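In the two assemblies presented below, chain A is common to both, partnered first by chain B and then by chain C.
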Partner chain A sequence: MTALKLTKTEQGLLAALPDGALAQALQTKGLPNRRVEGWRWSDLRTALREEKPLAKTFDGALPTEILSVSDATTLIFANGVLQTLGDLPDGVTLEQAGPTASGETNLPAGLAQSLADKKITLSITKPVKEKIYLRFIAKGSGAINTHLVVKLSQGASAHFVESYESADNPFVNGLATFDLAQESHLTRSILQPSAPEAIMVQNSFVKMAARARYDQTLIGFGGAYTRFETRIDGQGDDLTINLATAYLLSGKNHFDSTSEIRHHGLAANTEQLTKGIVRDQARAVFQGKFYVARGAQKTVANMQHKALMLSEQSEVDAKPELEIYADDVECAHGNSVGALDPALIFYMRQRGLSEEQVRTMLIGAFLGEVLQQISDETLRNALNDKIANAMEAGHEF
Partner chain B sequence: MTDVKQGIAKETVETAKALETYKYGFSTDIESVKAPKGLNEDIIRYISAKKEEPQWMLDWRLEAFQRWQTMSEPRWAHLTYPEIDYQDAYYYAEPKSGAKYASIDDVPEEILQDFEKLGIPLREAEVLLGVKGAAASAAEARTNPDPNSTPNGEKPKVAVDAVFDSVSVATTFQAELKKAGVIFMSISEAIREHPELVKKYLGSVVPVSDNFFATLNSAVFSDGTFVYVPAGVRCPMELSTYFRINEANTGQFERTLIIAEKGSYVSYLEGCTAPMRDENQLHAAVVELVILEGAEIKYSTVQNWYPGDKDGVGGIYNFVTKRADCREKNAKVSWTQVETGSAVTWKYPSCILRGDNSVGEFYSIAITNNHQQADTGTKMIHLGKNTKSRIISKGISAGKSDQTYRGLVSIHRKADGARNFTQCDSLLIGGDCGAHTVPYVETKNPSAILEHEATTSKLSEEQLFYCQQRGLGEEEAVALLVNGFCRDVLQELPMEFAVEAQKLVQVSLEGSVG
Partner chain C sequence: MLKIENLHVTVGESEIIKGLSLEVPAGEVHAVMGPNGSGKSTLAYAVAGRSGYEVTKGDITLNSKALNEMSPDERAAAGLFLSFQSPMEIPGVAVMNFIRTALNAQRKQRGEKEISAAEFLRFARAKAKVVGLSDTKLKRPFNVGFSGGEKKRMEMLQMAIMAPAFAIMDETDSGLDIDALKMVGDVVNDLRAPENGGASRGFLVITHYQRLLDHIKPDRIHVLADGRIVKSGGPELAAELETHGYDQFAGEAA
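Moving on to the complex of A and B:
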């Protein structure tokens, strides 16, 4: 076998990495590319053709909030560096440490661990009412790495609101790990506004103990390359897992939602709903996988992906996957892709609505389902507005 | 079967135990001539010379071999098997008395008997029902009144091409088919007698360098079937090929090429078995279907290669590339497969829907038991306008087996109005098996409508209870429910196969309850 010829980007990353398994993996395999299953539709190697040196510190004023979150403590990461640190709610502590050597086999996750400015650990020891708003702001054209560790003690609960805002053309690479002890409950509501020039990979690794609950809602508008990867390792019995994703893609945006949920305990209840619309030359990728281990009986898991294609040049690729080793389970997945029903449009136009209004209404209804699980009404409305505004702006999401 | 539930009749248990073993595991003692062990250019020259092939065919093989040496074995499937030593096998074996016989009377009695035992009489006069290779029990079928007989007592005819190790030993009803203009012969004969057709179409659907196993096959293929149905002809009988691996340590690499000209129709059946042996044997086939304007090919397979014993020792490694090319408008292809055999199955019968309005169908039942592994599915490539495809896949896993449905539906930019419906259901019987679904869906056209559904479940306790209350044994009840689960696919099989397949479903699962 001929040795892999590293791209400039890979050479740069290699130089920045300490010697070890990760550096070796990068040297022999390169960045994930279309030849690697799981990256076949989202080739990071190609996306990162242009070299991205490590980013400089953020200069200039922070952009105004894109989401007003009431009753929340805000933590801002600008180009990967934690900026302000206000008072944390009772029951939440924060620690900062230097970057850690990585044993990760997932390359982007490993890079985030090794190259992040600091490893930030948030510990949550009891039910926290106040929301925690994490703003990740990036600009410039460098590589930005973040590494966040979140630990929820037994019975603790928290609601994270997160926004990933990128200006210019940086490479944003984040890793967040979530450790959910027994009976803990984490809610994440994530907004990713369109970033047509930015390349972003966000990994979320979640570990769950018995009776824990994890609710994640993600609204993504994509970018030059955007990938959200969620891996859940369900260790305990009686878990509740909800993943809801909506994507709205226009221009040449690329958005990849990849997830793997591993069920090891008894009687987990998993619901995964992904809905999206693509227009112009945008491309959506959905990869979902449910793994049910031997003995993980009574698991009930349901995965749905539905996409609307609104233009000739758009593309939707999907891979809803099941891997099941237990016989007393109910697992299902569904996938459907199509255009808006012309009969429906005709019907509503007959009733005096303009085509624009009809589309907005139908798409709004289609995507609205995803926001259902956000119980905080103000937040749900705010996110709903983001979708509605995008629709009104027509081709500019 | 380790634990037997109380209340199951002893006889049932014993019958089930007996059926856990493989019926076609006998081998026939017949002297054979083999190429030396191993794989190199000389072996390929040897095979080509044995078949008296023209130079172009040899060149084609050698080029494939060169390509193959640069390729590596695909390992993306959900299968685990030890490294295959491609040098530790025979690539060619034929009965000593020669490859092809002028008349059925010259075929050695041992071979005729071998096929007879499999339920495939090769003497035309004896052909009653045709392929019984997949029958749960040929004897049983004989004692039961045959549900397929036509009202006047005539049985439908099936022409058979019998492939024994590396050679085709007999092809029946050739004369009658010739009258209709249908060419039905072994591929070796076709290379000699119809080189222009073979040259035109061979490798045009599955290119030489398509994948590792197809390339290997292109280099070393030994025999297989060639069918040519001229324009406007509806083939007057079912055509079928029966593949039998007899020799130990021998791989079988058959190549099948079927061409359906404009407006023609043919239904083709394929069956396969092998003796029980402790070592694993390799089977790497390539099947190419070319379907022209308005033509239709219905291709049915009952794959019952030796699956290995209860502990997973032995069995066939089955790596098959099957692809149909609907080259012109209104063409139609329908793959139906019942997969119950082989230790390892790697098989994705595919449809390239190039012509406008062409239709591809894939109906599959895969049943794995003991230590079997199957990774199977289909690819539907929609290139033309208003192309339609349908995928119905039913997977049943029992024992310690693992099974994966892997499929691709791809809608290309110009495939306006394309439609696909996919349904893959998996059933797990027992807690030691696995069932997996890996569908890939790629859509580049907004006017396409794609739907995919998949479920995984176990047999409903309620339904089982209901059946048992009405006096059925547990295994009978399971068989009944499984047959119901598979019905969508079973009904797509030609009559000749449907009965056999139904029995096969039953047999493969016997012993899995408890």
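Moving on to the complex of A and C:
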């Protein structure tokens, strides 16, 4: 086998990695690129043509909160480093350890494990009412790695609000693993504001024991390259899984939502809804896969992806996949890509609404279904405002 | 009031309206009748400013204001209302929210004060009773899952609420039963009443049949054939058309 010619970025990463399987994988395969299954539409290697040395310490004042989250404890990661933290709610503990050697075969995830400043472990041992707001703030042009480990004990519950805010042109690479014990319930509400020059990969690996519940809502505006990958390993019976994603892309932003939900236990109930808007020359990628193992009878799983394209130059690539080995299941997927109906626009304008008002109203209604997944009303309204403001600002979604 | 002079309208490659002139003075109702494909809906869309209905020649004015260069929403703010032959559904947008937002957009453009949610609700509920739409329907997404008849009632609700200076009703009667036809008549006649400003309001009623005109008494009837008005007359013309059909105009249109 001829050795791969590594890019500058890859060479830099290789030098930073300890010897081992990950370094070897990087050396032989390079960063994930269009020739690799699952990365065809989101070529990380090309996106990282320019070298990204490890980022320097965050410099200057932190930006003001982009999301006002009431009744929450805030943890701020600035260029990957956890800032001083206040009191944690009762039932939550946090540990910091050095980076771990990685056995990951997923390259970005492995890099995050190996190169993160610290491995941060959050343990949640009981139902926690207070929300936990994680702000990941990045700036500059370096590589930023974070590694978060979240463990929910039996019967524990928590609501994470997360924002991924990137200024300038960094490479932000995060790995978060979630271990949900029996009857635990994790809610994640995630906002990713537009970052037209930033490159970001966020991996979420979720493991679920019996009767656990995982609710994730993601509102993404994309960036030079943005990829959210969610992998759920449903081990126990009677799981509840809700994934709701809304994307609003403008300019040349790229947003990739990739997920794989593996059902191994009985009678899981999975709902996945992704709705998005692309305009200008933006590009959305949706890859969703449901795997249902032979023994996972009575699984009910529904995957829907609907996109609206508002310009000729925008692009939506979608790959919904079902891989089912059990015979007594209800699994469905739907995928549609369309445009706003000119006849409807005319109808609404005839009633007195301007073209912009019509678009705002129709897009808001289209995405409303995703926001409905957020039961916390204040938070839902705050995220709704983000969308409305973005639309009012016109092209600057 | 509404004045159309030598109007030519092209849709795609074909000219559909071929030199049409029509004037509806304030306070009057005129009906436009004609066979299928004669250009009735094209006329309605062109006056309302739908894109793809290109006015290649001629002028449309409402109260001496030129409409030709206005966007559809500017025309709406100028007082023009079109009751659609096939009303649209708006998924995810509640009936009341849509109508109130649209009404306020018009008012704002005219420099009028916006109507409050509470005031609007009272007013809209009263009008909904007249057109026969229940409160539950008003809370639903606009027209979604409504029957054809309910959608026509929704058109009449909007017309009653917006009380436009000039309304074009494009086959509002199609698909309606006798009771619903009477309701359409009630809405129009209420808007025509002098105490409701009827003297400065006009209507253009597009229809195939005489039966709607039993409820809305037109001042004039125009027969449209092949993109032109081929005959105009008083209300008695409707009965004549009902008896003899449109064939008599085939020669004149050719």
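Criterion: the second predicted complex is superposed on the first by the 396 of 397 C-alpha atoms of A that agree within 3 Å, B and C clash if a C-alpha of one lies under 4 Å from a C-alpha of the other, contacts with A are read in each partner's own complex, and residues count from 1 in each chain.
Rule of thumb we're sticking to: a contact is a pair of C-beta atoms (placed from the backbone, for glycine too) under 8 Å apart; a residue touches a chain by one contact, two chains touch by 3 or more.
Owing to the predicted nature of the structure, the values given are computational and were not obtained by experimental measurement.
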### Message
Once chain A of both complexes is superposed, is A:P196 in touch with chain B (first), chain C (second), both, or neither?
### Response
neither
### Query
Does the superposition put A:L310 against chain B (first), chain C (second), both, or neither?
first
### Task
Using the touch definition from the top, say if A:E355 reaches chain B (first), chain C (second), both or neither.
second
### Query
Is chain A touched at more residues by chain B or by chain C?
B
### Message
If we overlay the two complexes on their shared chain A, which of chain B and chain C does A:G368 touch? Say first, second, both or neither.
### Response
second
### Task
Using the superposition on chain A described above, determine whether A:A332 touches chain B (first), chain C (second), both, or neither.
first
### Query
Between chain B (first) and chain C (second), which, if any, makes contact with A:L344: first, second, both or neither?
second
### Query
What does chain A use to touch chain B in their complex?
37, 41, 294-295, 297, 307, 309-312, 314-339
### Message
Show me the residue ranges of chain C that touch chain A in the complex, using the header's touch definition.
### Response
48-52, 71-73, 75-77, 81-82, 84, 87-93, 98-99, 101-103, 105-106, 109, 141, 158, 162
### For the chain A and chain C complex, residues of the former touching the latter
341-344, 346-355, 357, 361-362, 364-366, 368-369
### Query
Mind pulling up the chain B residues that touch chain A in the complex?
76, 78, 413, 426, 428-458
